[in-house]
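These are the structures, in structure tokens.
Consider the two complexes below, in which chain A is the common component and chain B and chain C are the respective partners.
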Partner chain A sequence: MRAHHRTLTRLAWGTVLAYRADFVLQLLGVAVQTVAVIAVWRVVTAGGTGSAAGLTWDQLKAYLLIAFATGTLMSGFTDWQLAERVLSGNVALELVKPVDYQLARFAEALGYVAGEVVVVLAMGTVLLVAFGGVPVPGGAQAVLFLISLLAVIPLKFGLIYLSGMACFWTESYYGVGVARVAVTNILSGALVPIALYPDWLQALCRLSPFPGIVSTPALVFLGEVGVAEAVRLIAWQFVWIAVLWLGARTVWRLAVTRFSAHGG
Partner chain B sequence: MIEARGLTKVFRRADKPPGLAASVRHLVRPRYAEHTAVAGIDLSIGAGEAVAYVGPNGAGKSTTVKMLTGIVHPTAGEIRVCGLDPHRNRHANARNIGVLFGQRTQLWWDLPVRDSLALLRDIYRIPERRYRARLDELEPVLGLAGLLPVLARKLSLGQRMRADLAAALLHDPRVVYLDEPTIGLDVTARDAMRGFLRDLRRTGTTLMITTHDLGDIEEVCDRIVILDAGRIIYDGPVTAIKDRLARDRAVHFTLADACPGVDLSTDLPGSRTVAGEDERRVSVVFDRFVHGAGDVLAAMARHARVVDLSIDEPSIDDVVRRVYAGAIGDALPDRVR
Partner chain C sequence: MREAAALARIYLRMLLGYVRAVLEYRTDALILVLASVLTQLAGIVFLTTVFAQVPALGDWQRWEVIWIFAMVVLAEGIGSLCFEGTWHLALYINLGGLDYLMVRPYPVALQVMGSTLGPNGFSNAVLGLALLGVAATRVDVDWGPVTVGWAVLLMLSGVLVKLAISLASNTTAFWLRSPSSSPAGTVHTLGDLARYPITVYSTGVRAVLVVIPLAFVGYFPAASLFGKGTAGTIGAFTPLVAAACIAGAWAYFRAGMRRYDSVGN
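Now for the complex of A and B:
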């Protein structure tokens, strides 16, 4: 990272601080939703004594906590801001600066992630206290989990960045945003573990980048997959990170060509 | 500094007739209408020149500036800014230019102005010492010190414009494009801004200002380029076009007694006498190359006792108004440049 990337991260963090109340409220909403989903699963697992999708109540709880954490990281801010820049035409201001647009946005996103990490730690603690502890992995499993969790950040960035850029074509963000969230929630396993899906949908998920942002770190955390399988899933995360990053560069070039042909 | 030859931009716009059936048809087989925003412009601007770029809305001013800054690429023609093609070498060009879009801000809305400037310092890799020196240079005219700790969203429009100007000039660009730099500013802020732009010119910076504000043109620029329907219809000194088109001067009289029907057109051939708000007020409009204000006063004194008078100098306002009204074709049989 160059100096201006660090500054961008710092400025984004500053924005989080400026809107801390709003920020916390928004994520509190996500936490409440998580509480609701956990409560539903508690009923499904017969008050926490049975199992569902091959997962015990404790494991399900852990799964949903990870889903909360990965859902919170890289959420909110960046998505809308990307679109806003395009739709308002302010992206023109970026075009007259000697900056790599994509890297700059990533640096900014990291500043927001810093705020989200704080929220995840705080809310996670509350949820753990409310619903009881979860089995914590150790050794290689813990290391693999941390890697897969970190990979969530650039992976989600790629997805959000690409959907934000769709505005160059659609000239409105609402539809794109709703579609992205819907597809992400279903295919990532954020609401329901992918193992519960019919085979054809599971196959589709496995090929897509989406399980990498929820399901992969959750399964690694639970120890539902062995080390070899975990490494394979994480490798798949990184393949998608690379594909999305490079794909986004191509899309950006096309978008700028279009923007500069149509005048913005 | 800026060289453009045969600069042309043709936009393709979706031609969508109203109605559901028509919009479905457009989905299946889109039809487009071509619109020429800029039609073959030649422009050559030297170092340290300040050029006003003027024309009615839709004349192609913004499109030209977008092409010169590299945001939009031309359909045809060539551009060199400091020897670079601004679209192909967008990043290299960006280091040479400063851009202010008066209606947009590049400040971080929720953060102190200082943070936005620090980001630009890092983007342009300005050494800390140079950065501080630059802020000191900008201080006396832009009054930055008071603005640095303030959140951008708490700034007044005038303050915001000053901060944005500092942001555009921080890296000491050789060419500066200003799009409506005084829009929305109050009189004091406007004067301060114009004074600053004059100073900037003196340091050898090339300025190109698109504006509807006539004061900006008269007080900052000595060259004016007038654009209409994508073509340059005048390119030359501001004073020359004023002499050609803004010949009318007006003297407004307040008379001691009501004097209905007073008319100086026989005393001063070619002049017009216009009745004022009441019968003691009357204005005389005359060609300043034919009559002097003294002649007008002397003529009026023969008809009535003059209590007070004021004189309206011709302004570029008249020129532009006539240009916008389409009068320039007759008034300018030859192009000055």
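Now for the complex of A and C:
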């Protein structure tokens, strides 16, 4: 990371601090969804005594808390900042700067992620107190989990960055952002473990980058997959990171050619 | 009565005026519609998966839960379709934009509420009604003229409760003066909890959903329709609760207007 990237990260962190109330409120959606989904699953597992799809209540709870964490990371301001730059035309100013646009945005996003980590730890603690503790992995499993969790950040960035670029073609970002969240919720396994889906939907999930956002880190955390399978799933995360990163560069080249800022 | 009809006619004209703006940005409108359909689809996928595991959530059967879910979708749909402007109130106040509205001989609250239209409301309303239609044939209710009438009344009441909550939570902007509607957005987000029978939650969460009467959008009216004991008895009062909520939100807005002092320019 070069000096100007560090500066961008620090500035983004400053934005988090300046707009802390809005920042936290914006992240509340995922937390509320988590409360609802956990509460429903608690009833499904007969008040925490039974199991669903081979997962005990404690395991399901851990799964959904990981979903909460990965759903919150890289979700607050990154979306809107990317879209706003294009919609307002400010992206024109970025074009004259001798800085790689995509890398610069990633550096900024890391500043927001710092804020999201704080929120995840705070809200996660509340959720743990409310719903009770979960089993924690150790050894190789813990290391693999941390790698897959870290991989979520560039993976989600790729998806958000790409959807943000839709604003070169639309006049508003709201619909695109909502659609992205909805598709992520369905295909990543954020609401239910993918194993509970019908076969065709499972196949669709596996063909997409989305399981890497929730399902992979959650399954690794639970030890539901062996070491070999975990490594394979994590490798897929990195394949998708590369595909999205390079794909975004291509889309960007197409997008700037049709970009026209207002006369201001 | 004639006055009310005039108010409604002008309101409709305002909305139709905005339809032209929506048609100007067709792609964006279509994306919004698609996005809201996908959002509700995520909820349906979740419920379908849950009910593949168990036949019922406590006392609540599959289609009864879907009924609650559909009522919330319908209420949110009508809210976006006809009253989306409510969400712009904070911006109006922050920019002093109510000045213009106050000189017109039409209630300021209605002018704000009808100032825009959310195309996503259309798909949500249609989807909500469709789900209610399907659920109606699957739930254990003996449909006759009286039950149908009662169901419609409960539905309308639930929609009114949701509208009142939106208006009241956005009205808070008169005191906060920030251009952001995120405090109201937070209340709206809490509405996601009310898509399921509130019996799944602990006492604290239930209390929140009763105090901010989000549980009266879907849960309590459905409980009344399906005869769910105490909750059903409370649910029978939903029309009264709705009337009280609307009156309360309206009075709160008037209090806000008295506090409004424009901006310096």
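Methods note: the second predicted complex is superposed on the first by the 257 of 264 C-alpha atoms of A that agree within 3 Å, B and C clash if a C-alpha of one lies under 4 Å from a C-alpha of the other, contacts with A are read in each partner's own complex, and residues count from 1 in each chain.
Rule of thumb we're sticking to: contacts are C-beta pairs under 8 Å (C-beta built on N, C-alpha and C of every residue); 3 or more make two chains touch, one makes a residue touch a chain.
The structure displayed is predicted, hence computed values, not measured ones.
Annotation for the three-chain superposition on chain A: chain B and chain C fit side by side.
Touching more residues of chain A than its counterpart among chain B and chain C is C.
When the two structures are aligned on the shared chain, A:204 is found in touch with neither chain B nor chain C.
In the superposition on chain A, A:191 makes contact with chain C only, not with chain B.
In the overlay built on the shared chain, the residue A:26 is in contact with chain C alone; chain B does not reach it. Of the two partner chains placed by the overlay, neither chain B nor chain C lies in contact with A:225.
Judged by the touch definition given at the top, the superposed model places A:98 against chain B, while chain C stays out of reach.
By the touch criterion defined above, A:15 reaches chain B but does not reach chain C.
Superposing both complexes on chain A places the Cα centres of chain B and chain C at an angle of 80° as seen from the Cα centre of chain A, in steps of 10.
In the superposition on chain A, A:146 contacts neither chain B nor chain C.
Here the smallest spacing between CA atoms of chain B and those of chain C, following superposition, is 8 Å. Note: no residue of chain A belongs to the chain B contact set and to the chain C contact set alike, using the contact criterion stated above.
Against chain C, the residues of chain A that register as touching in their complex are 21-22, 25-26, 28-29, 32-33, 35-37, 39-44, 52-53, 130, 169-172, 174-179, 181-183, 185-186, 191-192, 196-197, 201. Taken in their complex, chain A has these residues touching chain B: 2-4, 6-8, 10-11, 14-15, 18-19, 89-90, 92-93, 95-99, 259-264.
Residue ranges on chain C touching chain A, taken from their complex, read 25, 27-28, 31-36, 38-39, 41-42, 45-46, 49-50, 52-54, 57-58, 120, 180, 182-183, 185-186, 189-190, 192-193, 195-196, 200-202, 205.
For chain B in complex with chain A, the touching residues are 9, 11-12, 37, 63, 66, 69-73, 87, 90-92, 94-95, 97, 99, 101, 104, 106, 108, 110-111, 115-116, 118-119, 122-125, 151.
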